[in-house]
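One chain, chain A, appears in both complexes that follow, with chain B as partner in the first and chain C in the second.
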Partner chain A sequence: MMTTNINLGKKNLIAHLLRRAGFGCSYDQIEQFSTMEYDEIVDELLNPEYSLPEDQDLLERYFIASVEARTARHADPQWTWRLAKSKKQLEEKIALFWHGLLAVGGVKLDHGLAMLEEIDLFRKYGLGKFNDLLLNISKDPGMMYWLDNQNSHKNAPNENYGRELLELFSMGIDENGEGAYSEEDVKVAAKAFTGWASKPTPPPFLLGPFKMEFNFDELDHDNSEKTFLGKTGNFNGEDIVEMVSLHPSTAKFICKRLYLFFVSEEENWEEINILADIYLKNEGNIRIVLESLFKSDHFKSKEIIFKKVKSPSDLVFGISRMVDRFQVPDLDSAELATNTFLMGQLLLNPPSVEGWHEGEEWIDSGSLIERINYASDEITNLNSPGVKRIIEIIYSKKLDSNEDFVNASLEALGYLEISDRTREIIKEHLNKNNNISEENKIIDLLKIIVSTPDFQYC
Partner chain B sequence: MVTSSLEYSHTIGIASFEGRGFMNPIDIKFKNDLLFILSRSNASNKNNRVSAVSVQSEHKFEFANWGEEDGQSILPTSIAFDLDNNYYLSDEHLNRISIFDLEGNFIEKWGKYGHGKGDLNRPSGIAINSDNELLVVDHLNSRIQKFDTKGNYISSFGEFGDLEGQFNYPWGLAIDSQDNIFVADWRNNRIQIFNKKGEFIKIIQNFNNENFNKPSSVHIDEKGDIYITNWGDDNVVIYDKNYNFSHKLIGDATLSKWCKEFLDVNPEQSSWRESAGSFEEEKRFWRPAGIETNDELIFITDSCRHRVQIYKK
Partner chain C sequence: MKKEKNLVVIQLSGGNDYLNTIVPYESGLYYDYRPNMGLKNESIIPIDDKIAFNSNMDIFKNSYDADNLAVMMGIGYPDPNRSHFRSMDIWHTAEPYESSSIGWLGKTIKNLDPSGSNPITAVNFGKGLPRALACPGVSVASVGALESYGLYTGVSGSKNRDILLDTIDRIYQPMNLEGMPSIRLLETGRGALDGADILSEAPKNYNSSVEYPEDNPIAQSLKGIAQVASARLGTRVFYASHGSFDTHTDELKNHSLLWKQLSTAIDCFQKDLKEQKLDDETVIWIFSEFGRRIADNGTGTDHGSGGVAFLLGNSVKGGLYGEYPNLDPAAQLEGDIKFNTDFRNLYSTILEDILDV
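Up next, the complex of A and B:
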């Protein structure tokens, strides 16, 4: 059992929560949250009221091509803006989680409107019961197209969706490639989903894209009696979804993925099993599972804090929020997906139906340079109101030594932590450069902090 | 269902990243028997341009393509002609006005980012008055600024808010024969009308028991009739010169000449379209943005369908 970090201050814990349940925030936002209890903040994050963002109209005005997004790339300005700006951080973070698990890739679907609708589906259902989410994604026209269900017919079922539903979306398989279901269950699931497809839409080459819609063709649906997971009946896709959603294997699989995404890259089955029990006792309610996760001592322990490699999205949108980079949508905000892409994460286009491989795999020599360059550029951009504010906060602190200076800077950057070794190296650097002007010294230090290996963790 | 009551004429356009066709056309002007159509495009494809096209769908030439150099643009928003037949283009990203001759040759540019007199912060709608002065919707500064054709500041009016004379992300602009100024006060969901001095005259905010939803542009024809693209609700609203509501258009597009030619040589696309059968949806406006008239016709840029729908007056 991990131990709670009893010495960790409240603001450090709030900052940790917001980095994991969202993309992080500024010093001032942490100050504002600190008037609330930790558990109250968790509750607020877990209960966003679904709505269009206030600036949706501006996005549509400035990036009119994203209104009729023909490709995933045309859709970028819409989602990246919300990732960088939405006050409902967990709503976007959970959408990103499901986008990586119930993965649909723009490389094949190539329909930006459908991709945006899927992300919105994750916002709407991502914190609710998994059964509802899985049913809705199974009726999502983009998903049906992505996994070839339009080619699955009564007399010739295509097994692709049935297989991925069991293997990658719900019950999962072990390291030996074995699942709690049989090959026959895959075939039966495929039959149950026959007739589920997307309606044909006109070609986009004349007038741009048309909205995709789900279509159920009863004449093309296999209505025969089926045996699935040991039960027999005239099952359709809805029945399959209901049976797998509350299966113990699904509870473990989904809770493992939630744990790996929100807590740690190293599987801790003691903790995952606790979450899986909560999942089963609460009919697969993701909100209740996450509440338990975020409020647990384990989540707040030293072994977890600053031990997870930031995904490209964590890094890019985290810095955007830290420095309050964007006030109104502009070309830079529209290109944020390019920044995450250069670090290995092309949003709205996961590399395969398995989504992205997280953790240390995010970082190689190329992506590390991109990460450091991006972070350095942003933290030294004095046009960002947040950078000026960070400098102001550091100035306001009592700075009697370089140790004070480093501590004040880490706090101003959102209660960051660095290792003792990194701290010594930074202080050594500061000692050699005592003669530079005060503002330049601060900017120099900020640049060094975001260039450290420590900054790659959240 | 509401249907258009003006006689539909025809449609020009096809989605095209370059050359013949448009990419998110958002403004339009008619001059010397040619339509000048401004394609906004998007941040990644960089295919913005002005296309000169005949009413009969002949593509003549294009200019003001992507870039920051003289004669180029990044996020163009509006176009206007002065009394000397020079062509003006506003650019929200570069915060400048570029000037071209009728053949699209670059003449000069002016404007810089800022909040002081004469500075610009995302210039959107532009129009010329009878004194050959250029009025610019300086939209993030929530004001209308007046310049001479060399870019020398003359005057301005407006501030942020929702009272008379205040603006909230205004977009389009038109000037009538009396030099009255009509502003599409976009986020306030209304059209505001001012006299030549910038003094408030009137607000139009509803029609036929409906309210406007993010009107993007306004146009006044030679008779004084008022045309408004009701961008947020995908329709076009027309009033007579006495502000009496006369028509609401929802889109009646047929396949353009260019679309027909495309389908003729791509039969698989044609059968794909036939099998989808979305013919009613194909007709309707999707974010109508710019509007223009000549003596006989009304031209509407249907920005998310990459075309211009044309009606008879």
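Up next, the complex of A and C:
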């Protein structure tokens, strides 16, 4: 593809980094970041200080039902508000990444409190060592319930957790369905996790939620000697987690998933192998892997920028941030979860333990229509302070020709790029539509830009 | 003249438990392997002196008695895979040995409409397009709710909307560009734009006395299918999913509920098809990515291999096809039943006899 903007300026790169490591920034925010070096921004993104957000109290007052939320649906605002507003963008993005990989769904774990605790676990451990994360999620009561481990007993192991741990959470399988483990390893892993469960297990509880805790029942644990991945011992779940976390196939699997999520939908094994080596040399430290990823020349190359299909979350929270949509967590913000849902991503409820099919599969005709309708409504909503600001920025630029108009708009929307072909058709449209006011012309143009196929990429 | 037939695919996602769908109620082994979950007495409806339907499948029994239900026993494929995702891919692409992104129905639609002149040759109800319908150059309409389907429906002034739509239409004109926007995305956009106008009109002329239950998602999907089918817009393939059948636990309760919902939905749908005079030309195909282990795990069953599928419709020659698999330990495949009918043979039949490919 040819893009007009041949020179990738610093601001374009910053905008790219924030679209990928977060959900994107407004023109003014990019302006502020541009006083920092690119690598400094990466470091800041990678080291969020975990804390209760300042506006937590406000959020709880607006969404009282989301406090100790009963169901996953009640819990939505506690997360969507952070996705739309948190300044620690990578903390939320990495939570979303792990939510799609270590996927637990509200359709079964219909327990808002437990779902939110998982998201918080991803914030806390998501940028640390994978071993710690995997052990914590293996002891997460919601996960144990989701994959039926409370029904896995010494005398009747349930294979669900053992299988998904190996297939979907760590070692992975290749395109032929083969893993670096055997069916026997699955059965042994299941035995090692017997006795791991949640307490109490969630029945549909009419009087509100209760806190679930991890519980290890030693009497229900299979204490026999086991052989797993060729090693023999009296393994417990901890041992299994440790063995798989640092296994080379896990390094490749996790780095592949990080690459697909943050860089490109096309697997580039040269790049993934570099990341996998870093993973193994640093005991599975995700922060160090991501640092290398974001600072690499590959990440900053033309082959990567604007080549990844936006997920519904990228699109919805990206636009919310672009137009500074929400000042307080009002009722409109409760719609955020519905918006991503209509585009195929119901947060706190991935379709299965496999998470979502990402990339081009996000877009089918139905979800594309939702995307276009949503984006064009938001970008023309003059009640959003960011929309007024975008128009102001466009006016502040040189606007002698339709080409100027298009360029100014793309920049004001956060340094976007479109293909030459799209650009030509938009310019023809502007020529046709000469008899409307300047402001309507801009609004019309903004609407078209966010409706383009180009806008579906980040 | 021979009427063209429509195929309605219902995917049972998550792995439907064959043994508690078609129950071998005379087999001692079945009850040995299922001490906690063996169905008997009022939980089954006998078909013959060996096997029975799950009692939540009363509608299926009626169709079976009317000779309109074909039950495909022990269906599967060689070297079964117990991963949901890989196994579903195999059913979607009909490629057990290599990974492919082209669906068997996507390929078929390409055959039926090589130039892509009808954007709604296939319509999917639900979120996300199943890989079965994917194929380069094929646009498939994927619909959540028919009533609100369309672009810029809020833009005032039909002239403004027309100019806007015209520009968007041109931008989404598929062309081979290097890189982005990909041809797939452009084709999707094209299909969306063309299909939206047609599909949003479909419910307007639909009249039916059938009331589909609101709280039954698969019934709602089938209602949408009836609405589009009744408009006779040239759609040949409809797709809907039902689930989750991944009953590792609490199976008795969940599996029954899912079949109850499906039975109710099919009942409504069949009555509606009759009203719409579509009952002779519509065939329903029901499948799942795999069956489950023979032995229960206490309260559920784990992933297995081999399963059951159904073809349902007035033009179907009903009966039992294939053999009920032997539960004897020597005949098992790693604790699962051994398949005896390759699903790809069924696909051939569907393609030849229903879709005339």
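Basically, the second predicted complex is superposed on the first by the 446 of 458 C-alpha atoms of A that agree within 3 Å, B and C clash if a C-alpha of one lies under 4 Å from a C-alpha of the other, contacts with A are read in each partner's own complex, and residues count from 1 in each chain.
Heads up, the rule we're going with is that contacts are C-beta pairs under 8 Å (C-beta built on N, C-alpha and C of every residue); 3 or more make two chains touch, one makes a residue touch a chain.
Computed from a predicted model, the values in this text were never measured in an experiment.
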item	value
Chain C versus chain B on the shared chain A, clash or fit after superposition	fit
Which of chain B and chain C A:Q78 touches, first, second, both or neither	neither
Partner chain in contact with A:T194 - chain B first, chain C second, else both or neither	neither
Chain B versus chain C as contact partner of A:S66, first or second or both or neither	first
Angle at the Cα centre of chain A, taken between the Cα centres of chain B and chain C once the superposition is applied, in steps of 10 degrees	100
Which of chain B and chain C A:T422 touches, first, second, both or neither	second
Most chain A residues touched (candidates chain B, chain C)	C
Contacts of A:S352 with chain B and chain C, given as first, second, both or neither	second
Partner chain in contact with A:F210 - chain B first, chain C second, else both or neither	first
Least C-alpha distance (whole Å) that remains between chain C and chain B when both complexes are overlaid	14
Shared chain A contacts, counted only where both chain B and chain C touch the same residue	none
Residues on chain C engaged by chain A in the complex (per definition of touch)	13-14, 81-87, 97-99, 119, 124, 127-129, 139-144, 149-154, 163-164, 167-168, 170-172, 175, 177-182, 184-186, 188-189, 191-192, 195-196, 244, 246, 248-249, 297-300, 302-303, 334
Chain B-facing residues of chain A, complex	57-58, 60-68, 70, 73-74, 76-77, 199-208, 210, 328, 330-331, 334-335, 338
In the complex, chain A residues that touch chain C	1-2, 107-108, 147-148, 150-153, 156-160, 163, 167, 173, 175-177, 183, 306-307, 309, 341-342, 344, 346, 351-354, 357, 360-361, 363-370, 372-373, 376-377, 419, 421-422, 425-426, 428-429, 432-433, 444, 447-448, 451-454, 456-457
Complex contact set, residues of chain B against chain A	14-15, 23-24, 26, 40-45, 74-75, 92-93, 140, 169, 171, 186-187, 214, 216, 232, 255, 259, 262-263, 266, 269, 272-273, 275-278, 281-282, 286-287, 289, 303-307
